[in-house]
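Before I ask anything, let me first share the structure, which is written out below as structure tokens.
Chain lettering (A, B and C) follows the sequence in which the chains are written, and residue indices restart at 1 in each chain.
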Amino acid sequence: MKTFLYANDLGDLNRALAEAAEIKRERYKYEHLGRHRTVLLIFFNNSLRTRLSTQKAARNLGLDVVVLDVNQGAWKLETERGVIMDGDKSEHLLEAVPVMGAYCDLIGVRTFAGLSDRRADYEERILRQFIEHSGRPVFSMESATAHPLQAFADLITIEEHKRTARPKVVLTWAPHPRALPQAVPDSFAEWMRAADVELVVTHPHGYELDPLFVGDARVEYDQMKALEGADFVYAKNWSCPGVTCPDDYGKILSTDRSWTIDAAHMAVTNDAAFMHCLPVRRGMIVTDDVIESPRSLVIPEAANREISATVVLKRMLESL
Amino acid sequence: MKTFLYANDLGDLNRALAEAAEIKRERYKYEHLGRHRTVLLIFFNNSLRTRLSTQKAARNLGLDVVVLDVNQGAWKLETERGVIMDGDKSEHLLEAVPVMGAYCDLIGVRTFAGLSDRRADYEERILRQFIEHSGRPVFSMESATAHPLQAFADLITIEEHKRTARPKVVLTWAPHPRALPQAVPDSFAEWMRAADVELVVTHPHGYELDPLFVGDARVEYDQMKALEGADFVYAKNWSCPGVTCPDDYGKILSTDRSWTIDAAHMAVTNDAAFMHCLPVRRGMIVTDDVIESPRSLVIPEAANREISATVVLKRMLESL
Amino acid sequence: MKTFLYANDLGDLNRALAEAAEIKRERYKYEHLGRHRTVLLIFFNNSLRTRLSTQKAARNLGLDVVVLDVNQGAWKLETERGVIMDGDKSEHLLEAVPVMGAYCDLIGVRTFAGLSDRRADYEERILRQFIEHSGRPVFSMESATAHPLQAFADLITIEEHKRTARPKVVLTWAPHPRALPQAVPDSFAEWMRAADVELVVTHPHGYELDPLFVGDARVEYDQMKALEGADFVYAKNWSCPGVTCPDDYGKILSTDRSWTIDAAHMAVTNDAAFMHCLPVRRGMIVTDDVIESPRSLVIPEAANREISATVVLKRMLESL
């Protein structure tokens, strides 16, 4: 595996889930794979869970880890040719990226959507530069439009906790005070479509996800109706994806707190498990009682980030 | 050992000192203990000695180390339930702390006193959150009111350099231009009381340390009288602990430079060794000639931070 | 080797080049040397290539690595004796530096020239403090006036790509919008003089390099004339070294873009290879076509930073 950005980069998901289960039983089983290998983790944006879980995963595999924090916006790379670089950009990506590749074997990149230029975000311009110019296998640690390590951890969690062969999984928008990227719901929708679940997506009008990710999944604008009989409720805020209203890309279209997941919402489900990628704003996304209930999976879900990252790094090491 | 905050967490101090001596002779003797184990070091505040010495101690034990710098004040955790998190706090401690525990085996936390809310500081609210919610053994790397790794290193240093079975140890306040926490004098007083030394504490009126730490140790307000016959002089500034004057908690009550330790102060001692936890402001806490004298132990004392941390981490690993 | 700052610290350069070639073939050959040893990398200034390549080199040798980022200017060390430290300097170097040495076996320091006090820069005051007071072998990771790990990597690159026994190497100044230190051209000139090459230096009047580094190397003020028949063109900007015009130390004297290396410049060479230490500003230092041509060595040159650092760390480990 030379790139990890979309669900199909991983191939057969059932095989991947079996690997995840194996690694969870014996985390250091493949420690020999990373010997004399180095993974470079580049953070253009903040990270807590990804930073910690990916480092742990790398060490599970015996990899040396080098973490590079790029000050947010402070390190500006020129991306165009023919430019006289006499401004604030001190380096061209055509030099910077191959050089970073020279000192490692694998590269992970975290870079958030700018939420102003939809095309630049959806083309994954920064991640693509690493894929094209680093000379190394590259994996997303959440990039502009996808967070596949999270979606894979979500899938592992659903697999571990499902009570029926083909559970009903509801991805529901919920309010948030800040405009957030679509990376998490994008990848979650994409991975659930690739998995053996019944996916329903629910959100206010205008929040339609990009077809690249949501495909022909059922969209239900009535949240309560969507939640009926759900086995898993996956709540998440996102800003306008600009699919049905391009001029509103990246904006907050609704602050409707009736979408906040509370006991009344959960009451219509099939005693559903509650999921969220974290960090989560209580009172906005979900109430205290729901997130603290025995059916809340947010902590084991976060813990599975170590497992998903270990499988992904293992696959990349095997491809070297 | 599941928590390391106070002297009695370590149990018999003589046994701990013997372990320290053993590790100092052979630093990697217990390297096998940390195999396939990870320690997470979380810094809410600046650190030089603690950052370096604790990493070295962890590697002595074969532990993987993950360092997490939390921007000072930038990462605000909600701590109350029932709150609608629509402000600047993006995560609740009830999610953040267990997640951090999910990716490691041991957690060290550095967090300074705020010096405005005495009760919050003396309840060690932030450290307690990690102890209660992380699911992992937690040790203080200096917290609001205690710096036990420093006090243990101080004790090791005194043990190594004492010339009598029960030396006289004087903890003396000294002036400083900024308001500093009480963590170092608190722990020093507490550990010296638990050790086999004669402790005398001296400071201007109003600087009385909390009884939790200072107990019934002798307090002498006449600094020169306190220093008479001392075998060890431990100088340190601290701000008002708010014991005798609660309204002044965290304030500077005195800038009296007659308390600065100079040759005249040392002349009344029993050729005492000089100690300070560093960083130290020369000319305020101590004069150049005293800190540079052959009787100054500040460098070996700092070096012993590696040893105290190795013993503490060893104990925690043995308890897993 | 107890200090690495100048070319002669490395001794016989041919022997060093042979070691570099050996390590390049088998990077982990000396992994046993660093067992139970720790290198501390202290960054007073930004770094990308040095940060990554030196970490990789340390791991090649089995060293534990501790990285310490000192906020630029935020951590101010007092350097004078007899001072009452009641201002913004919270620690004296006579304490800070030995303490850092206490937790490691080797120390690397990055610290840029201030470009205001020529004497302070050329005395390498910060690096010298580590050499004199840390008690450990110290190597420059670019200091005020020298960047020997870069110059050694440059020499390795020239050795690998030279087509004649004694190639003509031209160090040429080129324009840049910011005032840059002289560390790279200083070391490059010094190392080329020590190596078996024909060195020519070219720059506008006023940019004369310090005799300590440039010695009696040929200086040619006519850039095109200098480039005639060159086998290697090494472009770099630097600010006024203050040799011929002391009052202009650290200033920009020229912004003449006729010095930018383009195809017309390269046309007068002997099909020269193009080199630059990176980061490079395209359109200022060099045009896109030159830096992207098959004769551009900037990426392999950067990759050789791992090799030069591995040789240097190996030598230091052997001296312990």
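Note that in this section a contact is a pair of C-beta atoms (placed from the backbone, for glycine too) under 8 Å apart; a residue touches a chain by one contact, two chains touch by 3 or more.
The model shown is predicted, which means the values in this text are computed figures rather than measured ones.
> What pattern do the touching chains form: line, ring, star, complete or other?
Chain contacts: complete, every pair touches.
> Looking only at residue numbers at the subunit A/subunit B interface, is the share used by both copies over half or under half? Answer same or different.
Different, since most residue numbers here occur in only one copy.
> Between subunit A and subunit B, what's the gap in Å when you average each chain's C-alpha atoms?
The separation of the two C-alpha centroids amounts to 40 Å.
> Among all residues of subunit B, which ones touch two or more of the remaining chains?
As it turns out, subunit B has no residue touching two or more other chains.
> Which of the residues in subunit A come into contact with subunit C in the complex?
Contacts found on subunit A: 36, 38, 40, 64, 66, 68, 78, 81-87, 90-92, 94-96, 98-100, 102-104.
> Note which residues of subunit B are touching subunit C in the complex, please.
27-28, 48-49, 51-53, 55-56, 59, 177, 278-284, 288, 291-292, 298-299, 302-303, 305-306
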